[in-house]
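Here it is, the structure in full.
Residue numbering begins at 1 within each chain, and the chains themselves are lettered A, B, C and D in the order written.
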Amino acid sequence: MQPRRDRAFAPDELAQRFREVRGLSAALVARLSDADATIQSMDDASPAKWHLAHTTWFFETFVLRDHVPGYTLHDARFPFLYNSYYEAEGARHARNRRGMITRPTLDEVLGYRHAVDSALVAAIGDLPKDVLELIELGCNHEQQHQELLLTDILHLFAQNPVEPAIWPAPRKVPVPMPAPIGWIEGAAGIAEIGHAGSDFAFDCEGPRHAALLHPHAIADRTVTNGEWAAFIADGGYLEPRHWLADGWAWVRAEGVEAPLYWQREGEGWTRFGLDGRRAVDPAAPVTHVSFFEADAYAAWAGARLPTEAEWEAAAAAHDPQGGNLLDTAGPVEPRPSTGGPAFFGDVWEWTGSAYRPYPGFQTAEGAVGEYNGKFMSGQFVLRGGSCATPRGHVRASYRNFFYPHQRWQFTGVRLAKDL
Amino acid sequence: MQPRRDRAFAPDELAQRFREVRGLSAALVARLSDADATIQSMDDASPAKWHLAHTTWFFETFVLRDHVPGYTLHDARFPFLYNSYYEAEGARHARNRRGMITRPTLDEVLGYRHAVDSALVAAIGDLPKDVLELIELGCNHEQQHQELLLTDILHLFAQNPVEPAIWPAPRKVPVPMPAPIGWIEGAAGIAEIGHAGSDFAFDCEGPRHAALLHPHAIADRTVTNGEWAAFIADGGYLEPRHWLADGWAWVRAEGVEAPLYWQREGEGWTRFGLDGRRAVDPAAPVTHVSFFEADAYAAWAGARLPTEAEWEAAAAAHDPQGGNLLDTAGPVEPRPSTGGPAFFGDVWEWTGSAYRPYPGFQTAEGAVGEYNGKFMSGQFVLRGGSCATPRGHVRASYRNFFYPHQRWQFTGVRLAKDL
Amino acid sequence: MQPRRDRAFAPDELAQRFREVRGLSAALVARLSDADATIQSMDDASPAKWHLAHTTWFFETFVLRDHVPGYTLHDARFPFLYNSYYEAEGARHARNRRGMITRPTLDEVLGYRHAVDSALVAAIGDLPKDVLELIELGCNHEQQHQELLLTDILHLFAQNPVEPAIWPAPRKVPVPMPAPIGWIEGAAGIAEIGHAGSDFAFDCEGPRHAALLHPHAIADRTVTNGEWAAFIADGGYLEPRHWLADGWAWVRAEGVEAPLYWQREGEGWTRFGLDGRRAVDPAAPVTHVSFFEADAYAAWAGARLPTEAEWEAAAAAHDPQGGNLLDTAGPVEPRPSTGGPAFFGDVWEWTGSAYRPYPGFQTAEGAVGEYNGKFMSGQFVLRGGSCATPRGHVRASYRNFFYPHQRWQFTGVRLAKDL
Amino acid sequence: MQPRRDRAFAPDELAQRFREVRGLSAALVARLSDADATIQSMDDASPAKWHLAHTTWFFETFVLRDHVPGYTLHDARFPFLYNSYYEAEGARHARNRRGMITRPTLDEVLGYRHAVDSALVAAIGDLPKDVLELIELGCNHEQQHQELLLTDILHLFAQNPVEPAIWPAPRKVPVPMPAPIGWIEGAAGIAEIGHAGSDFAFDCEGPRHAALLHPHAIADRTVTNGEWAAFIADGGYLEPRHWLADGWAWVRAEGVEAPLYWQREGEGWTRFGLDGRRAVDPAAPVTHVSFFEADAYAAWAGARLPTEAEWEAAAAAHDPQGGNLLDTAGPVEPRPSTGGPAFFGDVWEWTGSAYRPYPGFQTAEGAVGEYNGKFMSGQFVLRGGSCATPRGHVRASYRNFFYPHQRWQFTGVRLAKDL
């Protein structure tokens, strides 16, 4: 993860941004108990406390330790506990044992945050530009963990037979069912994609480069819960011909028959969310589906998933700060569309593109450089951000990536087709 | 688990005993955070919160629900959450998912305990004798869980790289090394073993019956840490001929090279305990060894483990309330012997006897009857209680049992030999 | 495995016995293809070729290599391939990879047998008595492997969807259903059990010692297929209260609902055997049931399994050479009883006794001494031999042992009860 | 797998081709015993007998059964045994249980081949063109299985501690070490790739389409064993920064430290091959490396893997029938380069391209249509054919694919770099 180009930073503005990002993390855990924040519900997830500490370790290590003379580590044991996967930073605690660490407590981790925040804000006025860029990087890194924190805690609460709600359900205004999918014709030929300019972006978003688009159309909205229920009712999960071979093996091995967190209830479906178990809203975008499910749905619907270049070309004209993104702590979830085509927010949209380097991509040197390139096998690209993505974090060139069976993020489906 | 015979109960005395037992559980968790009390560190262990709630569920279900007219369940969701393995009591939460339940919180579980305690104490004066026997049974049941709670929480803290101490270390008085093992000749011929009389005992302790003892001697004390270190130094963990085949496979698969919680430190050994990591005391009884290790040690030492009949015959003359047993919450651990032969407390002593029914054993009817008989395969009997066993809980006829690879309890070794 | 006492050997008789035993092994594989003899169908089983080679390795190693001057190994690679578990004999091929060895071929292994047989018969006249005892031991060892060879090859053929028959089905004479179980009252008090005298026995069969029997009765025959079908029809596999906890977990995890090799066919049951798939004979003893199943059946029937001492005391008066035992290669299976009480042959009978050492048992020194003692944890004793046990191999004191979930041997059930 | 366009077939020529292909399969197994041909050495591999039967089943099912009136199945049990993964063709034997089928024997399978061959050749004159296309497809399908058969049997023999050679080693002519890698500059801009024209190709090779190439160069030969040994000597397998995260996890979990079948021997390396264990030839192309290893090597070498479009554009001018490809049964292996740049034969070359559909790709209808599309997740494309690929089978547009950890095929590495 590499700040991509030269640009000026106002330390005050960056300090303000830093405080806001750090404040949102604290708000997200305000309703969590010490235990809520400590448990690891599966190997893919991390405890909320770990997210809080790891993002702090990032600032402490790459900014304070490396660039603030005389800084003393808040606690010498924390680097071992809170490094994630930076091999260059030495030994670290096993990922799947993160849920065993009851001490330090949530309060102690919040104290760690406070100490690092104070030290960083005190130092920020004296830091050179390349270190300010590291702070900006750390803010973006923390936003990624904010989304993971929300989806991990949702996963944890879903394991509890009592199914507690973290937040009360928001009042819902009835919304008409969305119109049938409309198709937006994509421009064929050379398109420029990838990040350019001096604004922040992760290293994997560049270099900006020409991509060749073939004649195609892309849907003007994502697939809804109602449409997904029709797929299920039509035997979508029972018919191997819709599925990739690995997908079908996954369906059979895991007994998958609906999106994650769905349960049959009488004739209909409920879902578990941050506000507990509620009826599925047929007008809202389907979410918590894997790439395998997305691909099978597309096959069933006689369509396909868009490539990431098609998606980016279509999304480029839209405002990445608009849409159902994360602003404040609360029971976020995808919401029915109420306007024209939108490409940002609600659900991460699976593309048909494997997550691989762009032409000319170079891994950055050093520990920070481990960030993105090393994950470029076996995963698929998702685009557009979700209801759990902090507003301002996502952009048209943003590349998220997960394994094709994973579905605890707010993942959804937009169709495309050849013309 | 079956109260074994008729006997009179004074409700007041029983209420007093009930309050004491319940109070000790509360004391044991007084230093635990909500998170400490919630985590499950392995499938064999349970969260402290679960122990607190499950023992309460036992009283609520078998006493209040079944025998107190008009009693309303404290929370209708709890039977599903806190039943352990009583098949007759219906569906229950998967054992290996107990660590996912962050809500109810520790405080809410303590509230559950308080409510049930109040209801039970209020009702106790009106309950018939057979229900009073269930309360006595529940007290004994809770004492078993107190020991598990301590060993489970020790196991959890041992998973934390920070290795927190739960209690400060007690001041230690230097003690001379124990004299070499002396051999107590056992009486050969018919011995009566098993529980008799009207005092409480678990069903598996009876019927009392004749057992045939062959000429043998039994050690006058358990094996010490110092002796165990000599076994290690002599290659005890590297030499297959000392080991049962299953034991050797376990040693190799798990990479076992010392008792659980031991670490090499320079020339010596440290161990993790309820007071954190400390030097191993060579004079104290070795603990946290499996049956496989106990058996291998005995083979190395040219001896064998005692049978449970030999042990019980030898222990019958000793006071089961004497010795290093659990009185109050604190950093219990086995302590060096300072007197004559003692058979109770410090460490559970592995016997060479498989846990099987006594002649004439009958499983009790109904849900409570599931208690002991169903575990009678694959496990070995341990005798004598440990430093984590509540004083008053153990007796000469008491049969504890674990699988031969398990060693997170305070388990140790007493040798025997043929004459 | 230790010849137990002094006795005279006539080398000629022993050579004759050796040839007979070796000849039966060859006969058992006469219908097997090279492939049949090479595959390992599960970790518990071994290829037929391996049985043939391993038993030969035993004679070559402990007799020819150790006691015949100038003997050269037939093939220097074979000790690595064909040692089973004798740690003292050095490195060996992983047990669960035995099925990967297509070369040497079956013909080459038969050549190995021929060479070792010739060398041993040529040398036998000059060998001292203790080496003759090793030959006797090797013959008994080979008989054990003959039984395993038959049950392993049955297991292999059962994995083949084509379900080939190894031998044609024998002609069956209709037999009346056996009378209801009759109960033989056992003598209470001291009984002498275990091997005595100078005849061959395995080390675990001794020392002969006094055992204390409690008042009991033992069934005059084993449980039949018809009785077992009634257990199934009564929901025996669906009702946890009949089962040990480990047994119930096994039933659920493995989806067990009938003896191994049984399949529902219309209203009835078929079984797979050495003569292919055939109708289950309701009059014949049930077989291919695990200890868990045997114990659950006994609980359902209001009875229990006999202890090994009860069994041995009852069997002592019967002829161990009588009954349905293995004489020649062919489609052996348990057969309906046609006479009075019989304790030998048809099926190995699960006892309720864990496989543990007798009082005074000592493991022999050296590699041969690894034989039995090291398996003394986690297994249960079976008695009486089966239709696949070579006649002459079994006796009243004979202790077979398997893990409680294993059932690919010809294992069955005899009931007992307290009086 | 879809014949791609109209074209004329001469039945006689096709019959001749059919006979040649079928004959090569028979030649490949001529030195195998029944057991060699029966074992399955890992889940990814299949027994030789299965390859022989499955390819026969393909012709029997899609040609004889579907298109030859009055044809009777050779054996009604074979469709269940020998279907591979065609869901539309109904139930089939579990893939990982293929090694349990000792009957039918190798001879019986060869008889099955003979019968189907005769029936097909007899019928071929009367078959319409679309069925002739299915025969051509079946020939290509069988060629794929010929390569798998060779690599699977190599894997099986490698499991045998005796390490038998299948064929004697060919005489080797000393060859000078290859010159350092030269770089061929690739044309940037639009290139047409994918299959076009009426010749046979698999469905995944089309449609032919424009691809955009960025400035790059591609190596003029593949990486050699000598270069790989330098990578190892430089700590290539010990340094996480060279590796993808999934690759590093694989290296650690599997203890990988060299290509498959390599062993250290003194200062150097040996490898196991179809001619047994021999010294590694430093001049020959490295093989039996995974994508993870190929990618790590490229990172270590400061280069990258080519994309499949770059590879195809570079290879298009070369003769796909030239190079070290499979002509006759024997101990094939990659050989040192002796001429100019070659893109076909020796080793399959890992590309950096995930195996995904080309623009406009459509899955064919029906069982035959299951062939390629369903594998399009999680795998990487390999190009160019290997020493085990039948000559005439591969072409510039040919897309092979494996998971990134797999390496039992003859897989190797060609480097590329950005310009």
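As a convention for this text, a residue touches a chain if its C-beta (ideal position, glycine included) is under 8 Å from a C-beta of that chain, and two chains touch if they have at least 3 such contacts.
These numbers come from a predicted model, not from an experiment.
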Q) Can you name the chains that touch chain A as well as chain D? A) none
(Q) Regarding the chain C and chain D pair, does the interface count as same (over half of residue numbers shared) or different (under half shared)? (A) same
Q: Measure off the straight-line distance from the CA centroid of chain B to the CA centroid of chain C, and report it in whole Å.
A: 38
Q. Chain C to chain D: how many Å between their CA centres?
A. 46
**Q.** chain A-chain C separation of Cα centroids, rounded to whole Å
**A.** 59
**Q.** Shared interface positions of chain C, touching two or more other chains
**A.** none
Q) Which pairs of chains touch one another in this structure? A) A-B, A-D, B-C, C-D
Q: Could you please specify the touching residues of chain C with respect to chain D in the complex?
A: 33-39, 41, 77, 80-81, 93, 97, 99-106, 156-157, 159-162, 164
**Q.** Contacting residues of chain D [partner chain A, same complex]
**A.** 85, 87-88, 190, 209-212, 214, 216, 240-241, 243-248, 291-292, 295, 299, 304, 352-354, 356-357, 359-360, 363, 370, 374-378, 380, 404, 418
